[in-house]
Amino acid sequence: MEERSVKMDIKKREEKGGLSFPGQLQETPDGGFLVTKLDEAINWARSNSLWPLIFGTSCCAIEMMSAAGAKYDWSRFGFEVARASPRQADLLIVSGTIVMKMAPVLKRLYDQMPDPKYVIAMGACTISGGPFFYNSYSVVKGVDHIIPVDVYIPGCPPRPEALLHAMITMQEKIKHEAYFRKTK
Amino acid sequence: MKLTGYYFTHLKEIVTEEYPENRSTLKMMDRFRGEVLIQHDEKNEHRCTGCQACEIACPNGTIKIITKQEIQADGKKKKRLEAFVYHLDMCTLCNLCIVSCPSDAIVMGQNFEHSVYDKKQLKKILNNPGSKLMEGVEE
Amino acid sequence: MLLEQNHITKEGEFVINMGPQHPATHGVLHLKVWLDGETIKKVEPHLGYIHRSIEKMCERLSYRQFIFTTSRMDYLSAHINNQACALVVEKALQLEVPPRAKAIRIIMAELTRLASHQLWWACMGLDLGAVTPFFYAFREREAINEIWEETCGARLTQNYIVPGGVMMDTHPNFRKRVKDVMKQIKDKAHEYEELLTGNVIFQERLKGVGYLSREDAISYGCTGPTARASGINSDIRKLFPYDGYEQIKFDEVLNSGGDCWARYLVRIEEMKQSVSIIEQLIDIIPEGDFQVKTKNVIKLPKGDFYQRVETARGELGVYIVSDGAASPYRCKFRSPNLSNLSAIPKIAEGAKIGDLVAIMATVDLVIPDIDR
Amino acid sequence: MTKEELKNNITELLPSTTFDETGEFLNVIIASDELLPFMKTLRSKSEFDFDYLFCLTCIDLNNHLMMVYHLISKTHNHCIVIKAKITDTIKPEIESVNSIWKTAELNEDEVYDLFGVKFLNHPNLRRLFLEEDWEGYPLRKNYVDENMIKL
Amino acid sequence: MKILLSYSFSSLASKISTWLSNVISNEMLLIITKMLILGISLLAFLVVLCFFLGYMERKVAAFMEIRIGPNRVGPKGSLQIVADTVKLLFKEGLTPDASDKFLFNLAPFIVVITSMLVVAPIAYAKDFQLWDISIGVLYVSSISSMGVIGILMAGWSSSNKYSLIGAMRSGAQIVSYELSIGLSLISIVILSGSMSLSEIVQSQANGWWIFKGHIPVIISFVIFIVASTAEINRAPFDLTEAEQELTGGFHTEYSGMKFAMFLLSEYINLFVVSAIAATIFLGGWMPFHIGSLNGFNHLMDYIPSSIWFFAKTFLIIFIIMWFRWTFPRLRIDQLLNLEWKYLLPISMVNILLVTIMTIMGWHF
């Protein structure tokens, strides 16, 4: 099974000749000048003011703190207002392993955040269970089983720069959203 | 208060490195472990014999090596690498595969900007399409 | 009425749940706190929010591989955890590690301790409401991270130790960089004094708060700085030296205060000891091999093996039961944080909510190490 | 005290014990029902004075369970390992040592959680890491979990 | 140039006033229009001020913490707060199910309104004051303490334990520190013999109170700064929010717009407190004069009065920010000890001293 899917992957890759943009861009209907400009303004505000929730379970949280520290300083992007309460946060950086017992808590935290909310899965553990994928009885194999994830950033743990890169990628995604226009 | 006041007035003490702006000058340490790569030379040849030593050494099943039987010029059948599947989403960059590789085929890449919107893109096939084993590695 | 409806007050009890997501619990610890006004009546820890079944996994991993999972336990002492695992394998195989590897291991371990204590100092300030120390401590921590990155290749989970030595030789810049960082840390030591140690509010917050007597500390099995602040000589580096610690001159920091302030002072003093250990060693790293060659598949002889090391938080024990196969039959990690945590209900009794934060900060728990 | 002295003293105290000296420490193997009084003596007698329990765990040896207690004395600086054999693997029970060493409370919770050993007279026996309704005891050798992917 | 700068505010105001009375004949309508214009311009001023204060706080914090701070949104990051505000405006405003919905939604408005009310009697420049009330000091101290009702409401109605603790702390804290603030204000009322803010400013024409009033006034100035930092819930007295203890205290459950209102009121309070301190102790818009150095005094007079006022205010704001980014937080019992055991007795004795000083005429 595994082999077959991989072979298909090889074929697909050969046909496409490599991807340039990660993910797919959704076409959004044009809403006229005013609506488009408003959208742009809102997206500009949102993308530049992502307030993360203080939520770290393990190792990746330390690199998240490093990113907040003086050397990497994510306040340059306006991310420094880390909120302890999910009600005021926009961005959930899932940093660290999520286990079965934590999963309902994570889901609840996500539900408590007001819209629009974004999720970054930081590190191998959150993307797929990482080092705890095999032989482990209590680890959730990827947080995307629990909550929708916008950006994945692999690494164990990723560098602070990689986290910043993920947040810039996140900003790019937000800038392509539409608030007043409905997607198809 | 004296200390914070000192730093407030001495802006040259700021230690921040501006990441996206300094991308051109930003250089990782030469041993930095960013991702696993197979080295290819200009003739599109690599050194991986498909021996699966790295697959066995990997503690969390990140590497999957798929081999195929290939008939040599002298009529012997030989195992050859077809796909070196690498799950970057599970890799902990622990260096055990690099150490275990008998033919120095894989190295650690320095790239750390792996953010993607789709998890599937983190499953990679490391050998280039159409690449071949380098001459003389197996001996 | 509203409060009764929502079960906030039940039979005169006021219970708050600190965590699993709470900024003061440094991770996903869940403390159930019974309150009387602001005073704490009882604390009950609830664990398992990061139980990753590492012990079960180790039963299926080879002796080379199981070392790396342990750096995810106490990620702030990742290197020392790895060292403990390598040491237990070496003890079972009766391998003699080359002196160069030993010296490198000690330097790295002390750097880990320094970095860990710096992070503790940063979070200590943060927990008590002073944000600025966080940034000053992280400046030095980043410098140490750079040393690791240059020699080991990773910033946090180095995975530098293998059974029989270290994975790679040190980087050519290693000596110079370590010396620079040591100089930087010494130069900036006065800032630590000024910002927190000498601050009246800070002292008021810690002095006389969270007292733990010597007898209680022994009974609760406290280790590391928490125990040493209650006057117990519990430094494994002195009691059961490993990797050549017996040849190094350093003092075991003891304080009989037993309160948060004593724990704070012990950690601050330990940083200075670590700096002195590194400075002793950095110029006399012996030449030679950095690794003994071991067999590709390591098999331990039958029997029980126990190895303890001193991490930044106390005594870590690795207990391996081997049945002669290529992976452990049973692997138990004696975590320093679990025993320190078990003392928290005792320490926190009668304290205020604000004190609980200070107690949590000075005991300095790493939750994944408790849950494993 | 050295290993030999410890051995002699313990034999005097409890003649039925067996010893195992292969490892670093002196291993004393006793039956599970003798545990509590034996431990109390080890703690209270001044020549032993084992006041510090530094490791408490359990091993599943397929046909029986083995509780392992690592003890050290802070005054004499000698170590000992007590192993208590629990033969009943279906409903394993043993006395709690929480009244002697407070640190045992959470450690025994952990063993209860992962091995299913029930501790008698434990003040607050609960599953420490897993949910209350978790089925099975994961560190037992016969534990099966279909969600677990084996490598 | 001089006229344009120093009298622009008052002359502009009078010009608009005369123009309006020419256009609108109905007196009622005239007053309403004037009020509307005043209200809107004040609101705009306060919002812009809060943008600036937010930006200033982040930059001050960043520079003290050896980092750069916001620098990507707008020139040098100056539009950062605008982005934050727009984001908060368009964010979902949640009302928890378990909460008392009416009070929950009312609370942020009360907090903002009370802090805005206090802005009225402040003299921003020479002859430029919205409302020259004769009991200015009394008005300020009484209205500003009403904010606590909003905070209590917010904490109680959220039906969250952390909020409740935060609100209770806030009640205890604000009620106690109110006393010191009042007493330190009274010392100046005694000295100047008036409760009107404009008259207090006028009384400092020949020297600010902090210079004229010897040590007792300096003591009451320090007490005022400390107590008002506590009054507006800023670190090191931010026990009501205490992120590490209470995850946000009384505003834990608030999101979006309503949370933005709490932030707004926090910054308005910061401004108001500093403005009052500047008015009462540092001479408001009065320029800095030294005795008989006429040349120097004339030079100082060239600087417009509004700039004097704002310079002093921002100096005090900076000091309060400096506190915040340096000191650790106090514990609740230490906080109350500080007030009841130290600040209150000291300020009582201080009032006695000031009274004696005034009776004997020892001040300049």
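Which chain is which? They are A, B, C, D and E, in the order written, and residues in each are numbered from 1.
Following the convention adopted for this analysis, a residue touches a chain if its C-beta (ideal position, glycine included) is under 8 Å from a C-beta of that chain, and two chains touch if they have at least 3 such contacts.
All values derive from a computational prediction rather than experimental measurement.
Chain centre most remote from that of chain C: E (centre = mean of CA atoms). Measuring from the average of all protein CA coordinates, the nearest chain centre is that of C.
At the far end from chain D, in terms of centres built from Cα atoms, lies E. The distance from the centre of chain B to the centre of chain D, with each centre set as the mean of the Cα atoms, comes to 45 Å. Between chain D and chain E, the centres computed from C-alpha atoms are 64 Å apart. For this pair, chain B with chain E, the centres built from the Cα atoms lie 57 Å apart. If you average the CA atoms of chain C and of chain D, the two centres end up 25 Å from each other. Shared interface positions of chain C, i.e. residues touching 2 or more other chains, are given as 22-23, 48, 51, 53, 56, 60-61, 68-69, 132, 134-136, 139, 142, 157, 195. Chain A has residues 70-71, 73, 76, 84, 101, 131-138, 156, 159 in contact with two or more other chains. Residue positions of chain E with contacts to 2 or more other chains are 64-68, 243-244, 247, 325-326.
Every pair of chains meeting the contact definition is listed here: A-B, A-C, A-D, A-E, B-C, B-E, C-D, C-E.
Listing the residues of chain C that touch chain D in their complex gives 44-45, 47-48, 51, 53, 55-56, 60, 91, 216, 218-221, 223, 232-233, 239, 303-306, 308, 315, 317, 319, 321, 329-330, 332, 334, 338-339, 341-343, 346, 371. Across the interface of their complex, chain B is touched by residues 61, 64-66, 68-69, 132, 139, 142, 146, 149-154, 157, 159, 162, 167-168, 171, 191, 194-195 of chain C. Residues of chain E that touch chain A in their complex: 58, 62, 65-73, 77, 80, 82-87, 90-94, 243-244, 247-248, 251-256, 259.
Across the complex, chain C meets chain A through its residues 20-23, 27-28, 48-54, 56-57, 60-61, 68-69, 72, 75-76, 78, 119, 122, 134-136, 138-139, 141-142, 145, 155-157, 367-368. Considering their complex, residues 2-4, 15, 28-29, 31-33, 57, 59, 92-96, 99, 108 of chain B touch chain C.
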